[in-house]
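Common to both upcoming complexes is chain A, partnered first by chain B, then by chain C.
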Partner chain A sequence: MTKVSFPLMGDYYVPAKFLLNHILKVEVIEPPFISNKTIELGSKYSPEFVCTPFKYTLGTMIESIEKGADTLIQMGGGCRYGYYANVQKEILDNLGYDVRVINLVTKGQMDIGRIYRLLKEIDPKVSKLQTVYYSFLVIKMVKYMDLIDDYIRANIGFEINDGEFLEVRNLMLNDFAKVKNYRELRRLYKDYFWRFKKIKVRKPDNCLKIGIIGELYTIMEPFSNYFLEKELAKNHIEIKRFTTAHYLLFEKAFKIKKYIKYVKKYIKYPMGADASDNVARTKYLCEHGYDGIIHIKSSFCTPEIGAMPIISKIAGEYDVPVLFFSFDANTSETGIKTRLEAFYDMLEMRREK
Partner chain B sequence: MDKVGIARGLFYYYYGDIWKFFLDYLKVPYIVSPNTNKEIMMKGIKKSNDEMCLAFKTYLGHLCYLEDKCTYFLVPRIDNYGLDNQTCTNFIAAYDIVYNLFDKKVLNYNINLNKNETLKKGLVNIGMELGKSKKECLDAYKYALNKAREKKSREITINLNKLNSTKTKILLISHPYNIYDDLIGKDIIKYLEKNDVEVIFSDKFDEKITNKLGTSLAPELYFKYSKENVGAIMYAKDKIDGVIFLSAFPCGPDSLVNELVMRKIKIPYINIVLDDTASFTGTETRLESFIDMLRRVTND
Partner chain C sequence: MKDGYLGVDIGSISTKGVIIDDKNNIIASSYIWTEGNPVKAVRQLINNLKKDLPSDYQIRGIGTTGSARKLIGLMLRANIVKNEITAHAVGTLTFYPNVRTILEIGGQDSKIILLRNGIITNYAMNTLCAAGTGSFLSSQAKRLGLDVNEFGKYALKSKNPVKIAARCTVFAESDLVHKAQVGYPKEDIIAGLCKSIVLNYLNNVGKGKKIESPIIFQGGVSKNEGVVKYFKEVLNEDIIVDPNSHLMGAIGIAVLARKNKVGHVYNLEMTNVKFDTKAIECHRCPNNCELLRIYRNNELVDSWGSKCGKY
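Our next item is the complex of A and B:
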């Protein structure tokens, strides 16, 4: 039987595994969590100045192969992310692994017909009806996860009993993985949302609010941003984040034009990948009373590098501080903490003025 | 009189000839920045973000040089030549970055064959923005295109003739804005030619042929310029002795494509990555040993 695996990104492995389990007659191997060993493996075999997600995903791929996987699924994006799969396949071949790498999105275009053909290659008996049904179910699941995460992000910094939010969240993910149909999913979502709302928080009205923008992988995979959100929550800060899987997969295509219209004073064209979205978000955050903006990306992410001067310009006009982070596979965690602390202190001082 | 400023970087090496012929025909005065020198490079580094690629830094340097010498910048945006032929994100974002970094009017056109935005439309629009009639602009476009094509085909013939030379032949794989830049590629070419090596340039091939050949080695590749570079290797692989991969640090498409190609080809190669602090002495040593190695292989 084919053993399928995929690179990890945040907690989205739950819906991904759910989908594969239901539409394909294959064994799904859960990718191991990212650790220092993953990064070491990834960096060792990667080209030297490729962006960091390449190293992370390559590392996870090697680890899942060692766990027994023989088919790997890679997503693609609008920048060079779309060409990751081909180069990674070549590297894995050279290392002597006999695997199939399947690239779902190529040339920045999501082609449903092509994805269906690829699924058919893995399992010739894949049923159209089931695929459609479960895809819609998973889309909803991702949406619910994102909605709940939004609520958590706004409140986790102020919980009275430490770790309560994460505890309930883990229970939720476990239950989501066992869902059978749409009604059950909706019921679970409502249940859990209610439970989250019941968790006691002590949230002052004038708490510090920070918006996080930046490159998609680094934002969504907490290991690659050195658990930045957790660190902020410890300092009692409300966090706003826009990039979610649901946004990237289903909303972006409709929203990008609106975004560019919103910032037409600064940019005229889409700038590749998430760059123009982030420019628009900067303006949004500035206009909606956020105290600061943190921009994170992996090193050498070309689209974001292009967006950075524009982001600084907008933030300068609105007088909102921006902190730029560029994460590499061997960034030191202490350095990040120091910079965050200084940023946080600065925001507080601005408040007192 | 309004002057158009053309920066000698990135787009210039693809469209410079057409622009010059076009503006000549319309009798619009223009100024092209000089070859890259240390001063321009320093200006560019100051203006740019420290992670931008070397080629883009120099491009911004050229614009800095032109800032007080012209009324308009000419900065296009190249999105794609169809889905299979996309470009690097710097080409996509160039206009917006320049527009925000400089306080200057920017003449701009967009190439996006997917949405039917072509060079012809773009140039005609620019001509009309400069106050010329549509007919004049169309004529100028035709004139410029023909002239530029003639020049290019002459260069291609010269380049392809080099393939039959009896000297040691090395194919230099890089983007034209690296190869012909004074601070990036020129020293390397000079050194190679001094050592009696025939240098073949990857950008001077017939792109219709190389574009197709590129897919045979790197299927699914969708970067137009990288694809043509890969195609050039495939086209010339039986006639050359070695390949030099030259890329500017940290070039996005090159980082992946060169890695893939290096793992696939069976010709001796060397990978040279240049950034703004690189000294030529180090490169020189590497080139010297590479040439020595090639000569030993051919003599044995």
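Our next item is the complex of A and C:
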């Protein structure tokens, strides 16, 4: 039997595993959680100046191959992400692993027909009807996860009993992995949303609000941004983040034109990957009373490097401070903490005056 | 009894300490080398400060800043532990309330802080590279056979500074060796080095930042007259260097300690407190976290470095 695995990104392994389990008659191997070992393996075999997500995903791939996987699924397009699958396949071949690497996204777009053909390659008996049904179910699941995460991000910094949000969230992910049909998913979502709302928070009306923008993988995989969101929550800050899996896969294509129109003063054409989105979000955050913006990217992320001067310019016009972070495989954690602390102090001082 | 507040700034190269009174006057100050052992340096620093402190003062607040702030904060039981950016801004603002730009070059890092109406509006810190910081200067001084303190005077003698490729410390060093072997006089090379630090700072940390006067230059490197001269030349503005510029971070944290005092009186008897750190590696998961456990009088007070929060 084919053993399928995929690189990790945040908690999206739950819907990914769910989908593969239901539509393919294969064994799904859950990739191990990202740890220092992952990134060590990844950096060892990657070109040195490749963007950091490449190193993380390559590391996870090697770890899942060691666990027995022989088919790896990679997503991504839009920038260098589009070439990840091919380059990683080459590297894995050179290392002597006999695996298949499949890229589900082409040219940054989801082509349903092509995905179906690819799935057929893995399992020739894949059923069309089931694929469609479970795909829609998973799209909904991702959407619900993102909606709940939005609520958590806005409130987790103010919880009265530490760790309550994460505890309920883990229960939720466990239950989501077991749903059978659409109706059950919807019921679970409503139940859990209610449970999250019941968690006691002490949130002042004028709390500090920070928007996080930047390159998608680094934003969504907490290990690669050194648990930035957790660190911010410790300082009682409300966090707003736009990039989610649902946005990237299903909303971006429709929204990008609107975004470029919104910031037509600064940019005219799409800048590749998430760069133009981030420019638009900067303007949005500035206009909606956010105290500060944190821009994170992996080192050598070219589209974001192009967006950074425009972001500084917009933020300068609205007088909102921006903190730029560039994460690599071996960034010093102390340096990040010092800068974050100073950023937080600065926002407090600005508030007081 | 009068009240005093102790601020300690433990940097990568030097350790600074001041004691201020209620009106922010400096009562005692000390500046020594860290030499890679912050605990030992702070013990000596406290001894130096104790000698200068008049007997009618008692310490009502302690603050620590700098790269070893957390460790020393535990050791001294400080009531406030803050990052160096905030400390420098607060320290400078107590003496120059209308400062707009603070340039700071320390041993290992360099920062720029922009202020308006007495609040920080923006800041930046060097990220990837230590080119153009104090440690680079001191290592180059050593190879040229000079003391860092004489560096500035040498630089001022030069009329024709050489150009040095200063984007990167390693390349700058090889360029420097090359210039010396070709036969350029020493003072021209030193002046070129000072100028390259200024250009590197402005291109790297100061990129995209509006530098407006009044400008204050501080940190250890501000004691180098050559660097100050080239800052003036390149920015075409007046640069203020306070006589206490090297102590600004310590003053800032002492001011913050005064503002956050808890009413407790501190004892500066350091010699009879045993303070140890133990490094162990945890192998419970593939993260292999390096844990640092801190003991005060053989009693575990804190432990850092774990990713899962078990320790």
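Note that in this section the second predicted complex is superposed on the first by the 353 of 353 C-alpha atoms of A that agree within 3 Å, B and C clash if a C-alpha of one lies under 4 Å from a C-alpha of the other, contacts with A are read in each partner's own complex, and residues count from 1 in each chain.
Methods note: a contact is a pair of C-beta atoms (placed from the backbone, for glycine too) under 8 Å apart; a residue touches a chain by one contact, two chains touch by 3 or more.
Computed from a predicted model, the values in this text were never measured in an experiment.
By the touch criterion defined above, A:F300 lies against chain B but remains apart from chain C after alignment on the C-alpha atoms of chain A. Once chain A of one complex is fitted onto chain A of the other, the partner contacts of A:G335 are limited to chain C, with no touch recorded for chain B. When the two complexes are overlaid on their common chain A, residue A:N206 makes contact with neither chain B nor chain C. Contacts of A:T38 after superposition: chain C is touched, whereas chain B is not reached.
Within the superposed three-chain model, A:R350 lies in touch with chain C and out of touch with chain B [touch as defined at top]. By the touch criterion defined above, A:N181 lies against neither chain B nor chain C after alignment on the C-alpha atoms of chain A. In the superposition on chain A, contact is made by A:P321 with chain C only, not with chain B. Of the two partner chains, chain B is the only one that A:Y83 touches; chain C does not reach it. The partner that reaches more residues of chain A, of the two candidates chain B and chain C, is B. When the two complexes are superposed on chain A, the residues of chain A that touch both chain B and chain C are 309, 326.
Within the complex formed with chain B, the chain A residues making contact are 47-51, 54, 79-80, 82-84, 86-87, 90-91, 94, 103, 106-109, 266-273, 275-276, 299-300, 302-303, 305-310, 313, 326. Chain C meets chain A in the complex at residues 67, 82-86, 117-123, 125, 127-128, 208, 285-289. On the chain A side of its complex with chain C, the touching residues are 32, 35-38, 309, 312, 319, 321, 326, 334-335, 338-339, 341-342, 345-346, 349-350, 352-353. If you check the complex, the residues on chain B that touch chain A are 48-49, 51-53, 77, 79, 83-84, 86, 88-90, 92-93, 95-97, 99-101, 108, 110, 218-223, 249-253, 255-260, 263-264, 273.
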